[in-house]
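Chain lettering (A, B and C) follows the sequence in which the chains are written, and residue indices restart at 1 in each chain.
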Amino acid sequence: MNKHILYKFLPLTLLLTAISSIVFASGVAENIPSAIINDQQYNRAIHIMVMLLVGFGFLMVFVRKYGRSALTATFLLVSTALPLYMLVKSSGLTGRGEDEIKTLILAEFAAASLLITAGAVLGRLKMPQYILLGLLFIPFYMFNEWIVLGGGFGIIDIGSVVDTGGSIVIHAFGAIFGLGVAITMTTKQELEKTIEADATSDRYSMLGSMMLWIFWPSFCAALVTPAQMPHTVVNVILALCGSTLTTYIFSVSLRKKISIADIANAALAGGVAIGSTCADASHTMAAIIGILGGGLSTFGFAVIQSKQQKWMKLIDTCGVTNLHGLPGLMGGLAALPIIHGLNIQEQLMGVLITVVLAFTTGILTGKILPLLGRKVEAYEDSEEFLDAVD
Amino acid sequence: MNKHILYKFLPLTLLLTAISSIVFASGVAENIPSAIINDQQYNRAIHIMVMLLVGFGFLMVFVRKYGRSALTATFLLVSTALPLYMLVKSSGLTGRGEDEIKTLILAEFAAASLLITAGAVLGRLKMPQYILLGLLFIPFYMFNEWIVLGGGFGIIDIGSVVDTGGSIVIHAFGAIFGLGVAITMTTKQELEKTIEADATSDRYSMLGSMMLWIFWPSFCAALVTPAQMPHTVVNVILALCGSTLTTYIFSVSLRKKISIADIANAALAGGVAIGSTCADASHTMAAIIGILGGGLSTFGFAVIQSKQQKWMKLIDTCGVTNLHGLPGLMGGLAALPIIHGLNIQEQLMGVLITVVLAFTTGILTGKILPLLGRKVEAYEDSEEFLDAVD
Amino acid sequence: MNKHILYKFLPLTLLLTAISSIVFASGVAENIPSAIINDQQYNRAIHIMVMLLVGFGFLMVFVRKYGRSALTATFLLVSTALPLYMLVKSSGLTGRGEDEIKTLILAEFAAASLLITAGAVLGRLKMPQYILLGLLFIPFYMFNEWIVLGGGFGIIDIGSVVDTGGSIVIHAFGAIFGLGVAITMTTKQELEKTIEADATSDRYSMLGSMMLWIFWPSFCAALVTPAQMPHTVVNVILALCGSTLTTYIFSVSLRKKISIADIANAALAGGVAIGSTCADASHTMAAIIGILGGGLSTFGFAVIQSKQQKWMKLIDTCGVTNLHGLPGLMGGLAALPIIHGLNIQEQLMGVLITVVLAFTTGILTGKILPLLGRKVEAYEDSEEFLDAVD
């Protein structure tokens, strides 16, 4: 009888031990403790911070006499955007508060979108206007984010728009908002003034570009699961390699000689375009999206930009239409053929709402900014900075 | 009877399984394995290395004809400080050896403090004197660290001084030590020579500043627990945003136009000032400390610096008094109202000992350095570098 | 009887619980889950990407009028190397596929070696030739990697050549391959043209150098086990500190004044030389290897380079012989006295095969590249870039 009981209990004990083992083995392998996830996301958050300040900041230094202003504006825009986003988020207006590091990353996404917008009007705002731009932009950005990704007003179901790395809500939103501001604010005088660069500012611009390129995988993989991370990261790198090679080929083909501005900008278009589908596309598709993004963007800089300027009577200082606008829209639409089981209607609705909201709120913002006056000499540090003669 | 036994053993087995589960669940969630902690700290250590070389190095490139020297000196100071700190630590003179990565981070903290000191006399030492400065500084720094944080001589209880991110023992110590050296060494000739900057060196300076800004959260959170990390990181970012915005406002208010040197330097004062309380302050308090730190620092650069030069008959090349000295002391004292249950006497004693030790050992060092001679042409690469005509 | 059973089962239950506990405790402490290892390696991969683009890229900006080209070439070389390496690897030609992030790191190692090769002929290739160089180099590099480290053809047993951080298969291979290309391609006209630098390009060069220095520990520790990481990292830092200090001393001793090019380059030789033994050397040995590496490299730049140019009738634009070639070989041979139980014959065979394969495939590549024509004006952006007058 003892033995009978033994044989009965042994399996039970083994089973329970096995269950507890499996629970914790999987707990370790898949449900990684939140303190470790926090740390992984923290490293992404710092990588993105390099993109915001050194990446966007130095990419904008290409304007020869406006380097001090471009870098100071970058500092002010980031310092306005991050606390404001976190403040609104913690107040619960746009959904419940989340983990602090995750909220920080979402705030950095908002700051990236704001810097894109600022690129469209760079050199034509005074410092207080950059701050005001940030104060106006962030609520509009969060409103769009809430509707497209957060189920706001019940228009789009949460999770039905695929935009992991932000082609739509970050890049396209920022670029189109910037166009809205530029359309409203560009003066005739500004339309006639050429934007100069020189060898030093070109190389600074390449520094910014390379920093964006390097840390782009962290931007796109910031909030994916640990299991999705490796595939996402390789996809982003393949897309960037594709756009970089294509940019060289298109630049030299369309212009006879290479434009370093094409390289510094359009090489990044693969990162913009792969944003929506970075966690889902195959490696081959990621490379193709990168190649198409780079081609589209270089064509934009080499051919469309000068025409856009005449048609739309606006100056897009950094060409954000070509780097973030067109490739961003392309990236959002690339989800249609790539993502299996995508709700196509919802995805299209997400793109459409983003375009409309960005443009209208951009125009509104362009009406408000001049209330702080106007910069007299466009693209010149000397109006606002001491000792800025060279 | 079988059943009776079954009902008796089932709870026991479940209980034991549950206990083992809880032990390991908590083991994973809180007691993160040391190999993983090591890796987390490693990433912080590399972030801090960016601050030491590119951050401090390029921030000091603002002196126009002294860029090669500033960067070479940075290389030499770091290469002297790190091995020396680790060597003394491993010899057990200042307490038992610790994990290698943790010791590396503590060595980097010492190197940061040394670079601050070097900033006070930048341009007026020859290369061998920078190395000698490092050899003298590190033991003095470690002596102060041992007394204030390590319970040395039993003067202050271990753990009673709150200085997580080093406002006191890193920033204030380095700045005041530098003042001590500068007071002893500054010549009349040097007092009359102006320090020149140009657009290129200004932008390099902004690169250094941005790199310091970006990685500052890793500096302050390098050795906090995983549970404290998110709150600490957000505090540091809020303090930096606060000081950046305030710096712009104070610079334009006090000087009519913006000084890019104010932006490059005082924007970082929030990071200095939040150092002591970064793990403990509320987010609101962190933002306020940043705002006050930025205001104090900009006031220092715009108003105090020129007066200090006359009163104290010294040149503080990089203005470390204003960036690290005053905000560092402010940060150490900010713990008084903020930290609940703080031993106020011990905290004040920690600040006082740091000030006294830094100043006296700095003056002593200033007496020793001239034994290696004197730099003839201040702020000029050409005395020591080949082909340094431009 | 019940009690009897109780005493019999209690130990059994405790034992099983204890076993399961030990299994998972060790599972957490040593067998870190692959998702966490992936993330650790991902951070290394991004650090290495900073080295590839900003590190190598800006180090090569020292050529005054060739900055746009150097940075664009860096972009194109990396964008060619990474996908090509990953494509060949996934096709299984050189062994089974591995984890995506590990493969990415191996691809980055290949790209680093390619950038070293490109440094030897920098300024004398047109853009399409850099791309062709990448397409030819990567298969040759992988062939050597397969033989020396992967057991290819059964010549060398897997694991018997010690080369953790790639002194042999990355640095020496890249440098000697570059020499092969340079010997074949250098024209008489190029031998007579001097390579100019100025203050701005010098400081960019120092930026590249510092970025390489900072992230070098991640390069060497990218694929070591978590347990080996701390020792490896400290070894690399000690070697770099050693070479940095020695470079200053040798430069000022051999040339009377410091050459900033020596500092920017030879300071890194400690990282090259410690590569093979970084996980195994003691800290003292690591510092000594760094000191010897820095001395050897500075001697190379100050004394050997001009002689090599005459003897071998070649221009090594960036001096990769002195930074990667000699210190790389030294590092590979340093394993002989340092590693206990090393198979000396296999290690020497690994070095020999690398030298022979690199040189012959380099010469072959030098014969193929001119099929795309020749750059007319060496070291000038203007031939291929728009608006590149300054």
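Rule of thumb we're sticking to: a residue touches a chain if its C-beta (ideal position, glycine included) is under 8 Å from a C-beta of that chain, and two chains touch if they have at least 3 such contacts.
Worth saying up front: this structure is predicted, and the values here are computed from it rather than measured.
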Q: Please identify each chain that touches chain A as well as chain B.
A: C
**Q.** Interface residue overlap between copies chain B and chain C, same or different (over half shared)
**A.** different
(Q) Report the inter-centroid distance (CA atoms only) between chain B and chain C in whole Å. (A) 32
**Q.** Residues within chain A bordering two or more other chains
**A.** 1, 5, 9, 13, 17, 20, 24, 28, 36, 43, 200, 207
Q. Along chain B, where are the residues that touch chain C in the complex?
A. 1, 4-5, 8-9, 12-13, 16-17, 19-20, 23-24, 27-28, 33-36, 38-39, 42-43, 45-46, 49-50, 53-54, 57-58, 61, 65, 67-68, 71-72, 75-76, 78-80, 82-83, 86, 99-101, 104, 127, 131, 200, 204, 207, 384-388, 390
Q: Going by the contact rule at the top, pick out the chain C residues touching chain B in the complex.
A: 2, 5-6, 9-10, 13-14, 17, 20-21, 24-25, 28-30, 32, 36, 40, 43, 47, 197-200, 202-203, 206-207, 210-211, 213-215, 217-218, 226-227, 229-231, 233-234, 237-238, 240-242, 244-245, 248, 252, 255, 257-260, 263, 267, 287
